[in-house]
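Questions regarding the structure given below will be posed in turn.
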Amino acid sequence: MRPSGRTSQQIRPVTITRNYTCHAEGSVLIEFGDTKVLCNASVTAGVPRFMKGKGQGWITAEYGMLPRATHTRSDREAARGKQGGRTMEIQRLIGRSLRAAVDLSAMGENTIVVDCDVIQADGGTRTAAITGACVALVDALNHMRKNGMIKVNPLKFMVAAISVGIYKGEPVADLDYPEDSAADTDMNVVMTDTGKIIEIQGTAEEEPFSFEEMNAMVELAKHAIRELNDHQQDALN
Amino acid sequence: MRPSGRTSQQIRPVTITRNYTCHAEGSVLIEFGDTKVLCNASVTAGVPRFMKGKGQGWITAEYGMLPRATHTRSDREAARGKQGGRTMEIQRLIGRSLRAAVDLSAMGENTIVVDCDVIQADGGTRTAAITGACVALVDALNHMRKNGMIKVNPLKFMVAAISVGIYKGEPVADLDYPEDSAADTDMNVVMTDTGKIIEIQGTAEEEPFSFEEMNAMVELAKHAIRELNDHQQDALN
Amino acid sequence: MRPSGRTSQQIRPVTITRNYTCHAEGSVLIEFGDTKVLCNASVTAGVPRFMKGKGQGWITAEYGMLPRATHTRSDREAARGKQGGRTMEIQRLIGRSLRAAVDLSAMGENTIVVDCDVIQADGGTRTAAITGACVALVDALNHMRKNGMIKVNPLKFMVAAISVGIYKGEPVADLDYPEDSAADTDMNVVMTDTGKIIEIQGTAEEEPFSFEEMNAMVELAKHAIRELNDHQQDALN
Amino acid sequence: MRPSGRTSQQIRPVTITRNYTCHAEGSVLIEFGDTKVLCNASVTAGVPRFMKGKGQGWITAEYGMLPRATHTRSDREAARGKQGGRTMEIQRLIGRSLRAAVDLSAMGENTIVVDCDVIQADGGTRTAAITGACVALVDALNHMRKNGMIKVNPLKFMVAAISVGIYKGEPVADLDYPEDSAADTDMNVVMTDTGKIIEIQGTAEEEPFSFEEMNAMVELAKHAIRELNDHQQDALN
Amino acid sequence: MRPSGRTSQQIRPVTITRNYTCHAEGSVLIEFGDTKVLCNASVTAGVPRFMKGKGQGWITAEYGMLPRATHTRSDREAARGKQGGRTMEIQRLIGRSLRAAVDLSAMGENTIVVDCDVIQADGGTRTAAITGACVALVDALNHMRKNGMIKVNPLKFMVAAISVGIYKGEPVADLDYPEDSAADTDMNVVMTDTGKIIEIQGTAEEEPFSFEEMNAMVELAKHAIRELNDHQQDALN
Amino acid sequence: MRPSGRTSQQIRPVTITRNYTCHAEGSVLIEFGDTKVLCNASVTAGVPRFMKGKGQGWITAEYGMLPRATHTRSDREAARGKQGGRTMEIQRLIGRSLRAAVDLSAMGENTIVVDCDVIQADGGTRTAAITGACVALVDALNHMRKNGMIKVNPLKFMVAAISVGIYKGEPVADLDYPEDSAADTDMNVVMTDTGKIIEIQGTAEEEPFSFEEMNAMVELAKHAIRELNDHQQDALN
């Protein structure tokens, strides 16, 4: 039924490549099938003004899409002079998800910025970004421990994310672009490796959905994220 | 337990005032307790460029907060020269929710813009905005029918929205500002008056939440939205 | 002769509602007939950089129009990414008028920002804004005295403003929108309650005007402003 | 009494140089003492969108100040990315003044943009700009007649402008920078060569002013503008 | 003498990977040692407004640097709201170089945009970008021929670029970052595979240079570009 | 052969007027034929943030073109809200050229900004700007010595610039607009009065150029710049 021939709960092949670029403290290329996102975590001493003097750290994320990551070229946001609403929405989601995974009070007044740049898009860029960004974050935190910037590991748990949806009436996991653009409902779920929810965002694109459908989608997400956690652990070992 | 003394499922007093201003085709002031949002629906002939030639209509929303709607003054977005990420996120949510309620293909190539401006804020401004905007939308659609711009009523169902959350370990409905700023989890639910979900957005601000907590929150939302639908009907009758 | 049936010197009904919203130190809704402007005065400690170290306070104003305050919807300035020339011109006028009313050297290094947001427009929004903003300013200054931020009342006099013009060859006071859009000449006058002029701005929209016409308009303004001063006092008592 | 030794009604030496640059259809350098403004009028076929199809022409103005036209360097507006409020206010004033002088319906659907750029500033830049811009406008209109773009001369009258003010308690004409920065009141008056008022803008910088003071200032303006009209005529002959 | 141990005329290892991403009509990853630039060429029907009606095509380029392509993170231009001067300078250079290589009049009214995004930077990003962009351009032109958008091959010659400089008093080719940041002089040369110059830009960072030094640098560039032409041909075969 | 009748090595008449405006520490109007650029050098204590604490000075430049400096009016950059790529490119070139001429470490933590504003354009505005800016810089440095801001003269040499190109197959010096817009190749050369190169930028507009052509152009530039150096010295004596 699915254009890719996958079963409804089957996610695309996942590849996580650490140290993809040489400068960032954490640098991860994550691939969900044809979706490829480069996640670079940068550590800097100090925190933004609104966090100063609290003795806590700060984690934030920025998201971008190369103009021709998609089927047709989209305008370069730097040239247009502003980030679009979709970009803002996504980078806020990534930032919240990563902050939820870390005990900021154990980070000292240091900042980690995770840049998630989409090299190639085929649906699910934000969930790939969160899943890869968490691995880059771990590398950046390890870098901080080696450099003596922090004493203990402030990571509370790993986070990963998957998109689920109702496609042709059936709940499916990890929608690719052909599915995403035709789905009735699209839901992004961010979870911890302890099986709890960090963020859930479900949108009825065409048809409102029922509680039963919601629960079916969440169930698919739970299984998929467990698989993603395994991929994260494999990459980190 | 709640600062306001409300029970966990009790929402704040709701007031819906139609024809609040005199120029807009639909003009509604909605109050959820001390939260007051003015929702003005404007009808114009024609659609934005990306919709031209499809024979369909378009509905969109813009959201703003008066600088001193809140406890401390925030910068005026027009003076800063851009809308913030939170504003973009909210106005996109309102727009999606309203579009889901209407059969765009029955609207002709006409546009409705709903401006949701927060006069006074005490938590829940986006859910009040959606609930009030839907009433303003009904008035705007009625205006179009009277003027012969449309033949049939393109409204598929009423939509309303409520925030729910985990406050001090308990699921509660319709969080006010003191609760919102201290809650572990904050979830916004948009539903139809036919009991289906349009949008669900849950965020763990402090602690990840379980599936049981999610379901408890959704249950509270379902009841609250039924009440809001009654308020909408009362206002329209 | 006037569309509203008013006599040439007759101003529209004036309503001044204090404490219109709950957060601002001064919050006034002022109505000149169908023109409704919300004036919120916000007190903050400190002054802008260019005033630092002078031992003086600062007062400034910002002006905005809700997109559908007018007959047809105008673009939201925050979405367009800049304030228009008309907005800038008006908020500079309001700021100058309020600063002229206050002994800044008796305010300490504190700032009052008055936000004037037009909820509904029917001509004369800038003059209503100044008249209402002065009442909000008084409430904000009283708040500062109660909180011990200032010792003496720095207010030198009340200010109020009215528009006058030549409509169908006759000088008239307090032009509403139908008159304003058809007037030959439009003049805004800001005066103190001691009968002196703070600001006068007259523009020949269609026909240049003579000194006699100027004097006739100023005379009308003097009387109208005396009435507005009474409304201000009534509201403050 | 005046820093420059001038009498109260004495304006600075005025020089008007036509054809100052070679490309513009009208190009005038005007000097009021040390204030030097280059006024270039550019003719183009067509009108802005909001004027299309009315069979009328359009005249507008833009104003700029070279960064080091003043005692201390101010930021370049192009580099800051926006025009300031003062710039907007002034260019709107120049545009209105010029439009009042011309019968737009006799201009055809053509546009004249007058760029007023301040090369050196010593007070009174906006009044010098209006006075010089009107001469450049005449040259541009003559160019249009020669080229057959218009048949009749659409100029209704010449306009000129002067600043007047209360300096050390005395009304004075044509304030230079030392006076302007110390004046109690500053008033700009734009008049026709038929002795009527196009625009009057008076601001109490320090002390509110009386009706008598206003009349004294206007009287000074009337005489000064008559002188400026003579300078304009001399330049045009 | 060189930090990398290279001889003065030795360039870094060059790798050119075609079809690096799947959507663009031409997609090339080019590596000059640790410098990695992704060059995506996008074909669209139509030309920008200023080229319309000339019966010619248009080629342009945009350049960007991922925020952590460099040793320390730089701000994201999309978030700052504008492209910096260096970015503009580089993308204009790339665009001019590519346009010089193509007979625009044989392209029909079609546009090719080449996006050059730096994934990792170690000096020489603009020269790598030009060299890779030309290969992507060839692929895009071939795509157009296969699709029947053009009949003949409008490519006049291949272009490639190299940086040369004076490092510790010696002329060297293909400066990496440690050399670039310490060089006295930096020169970028763009040449055709027919041995002619498209663009030469030499800057004395520290010490002015002599004609002899200029000629020595140009000589190095000539040899290096011949090598780059070979790499381009190998990649295309 | 040249439209102006000049010989191939003949530059246009050069005029350098010092103290052109009265406020700037250095103010030079430079004319290359009909090209007129006003170069104002402003001295301020302190340096930009990225230079603080190095005990060095800073020199930078800004470039602008009056909207009607050219044959047809171009948009005002301040009104469009950003500087174009060409403007950025030019002002960066001027800044680099001036910094190369000065020993920044002998300037103390002071800044000189040179504003180069084109009053009238006929080709070669950037080279005229550099040549005039250097004279304004000398005046500003002399002002600093008189005021005791610096002890020794930090100027290392004078810089001047000329454009050369291939016009109708022949190398020519100092292209005016008719030549510039038709030239095959355009090269700007910045040199010291000691005969060394600061910057060379050559662009093949139509046809790639050979090494021989490059050398012929550079040879022309060398002679022209020697002439310009004489004009600079004459102006300074």
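Labels A, B, C, D, E and F are assigned to the chains in the order they are written; within every chain, residues are numbered from 1.
Basically, contacts are C-beta pairs under 8 Å (C-beta built on N, C-alpha and C of every residue); 3 or more make two chains touch, one makes a residue touch a chain.
Only a predicted model underlies this, so the values are computations on that prediction, with no experimental measurement involved.
> Which rotation angle, from 0 to 180°, best lines up the CA atoms of chain B with chain D, given as a multiple of 5?
120
> At the chain A/chain E interface, shared numbers over all numbers used: above half (same) or below half (different)?
Same, since over half the interface numbering is common to both chains.
> Which integer distance in Å separates the CA centroid of chain B from that of chain C?
Chain centroid spacing, chain B to chain C, equals 33 Å.
> Using the average of all C-alpha atoms in each chain as its centre, how far is it in Å between chain B and chain E?
Centre-to-centre distance between chain B and chain E: 50 Å.
> Based only on mean CA positions, could you tell me how far chain C sits from chain E in angstrom?
Here the centre of chain E sits 58 Å away from the centre of chain C.
> I need the residues of chain D touching at least two other chains; which ones are they?
81-82
> What order do the chains sit in around the ring if I start at chain A and move toward chain B?
Listed around the ring from chain A, going to chain B first: A, B, C, D, F, E.
> In their shared complex, at which residues does chain E touch chain F?
Residues of chain E touching chain F: 82, 85-86, 88-89, 91-92, 96, 100, 157, 187, 191-192, 194-204, 208-211, 214-215, 218, 222.
> For chain C, which residues are in contact with chain B within the complex?
21-24, 27, 34, 36, 38, 40, 42, 44, 62, 64, 66-73, 76-79, 81-83, 87, 113, 115, 117, 119-120
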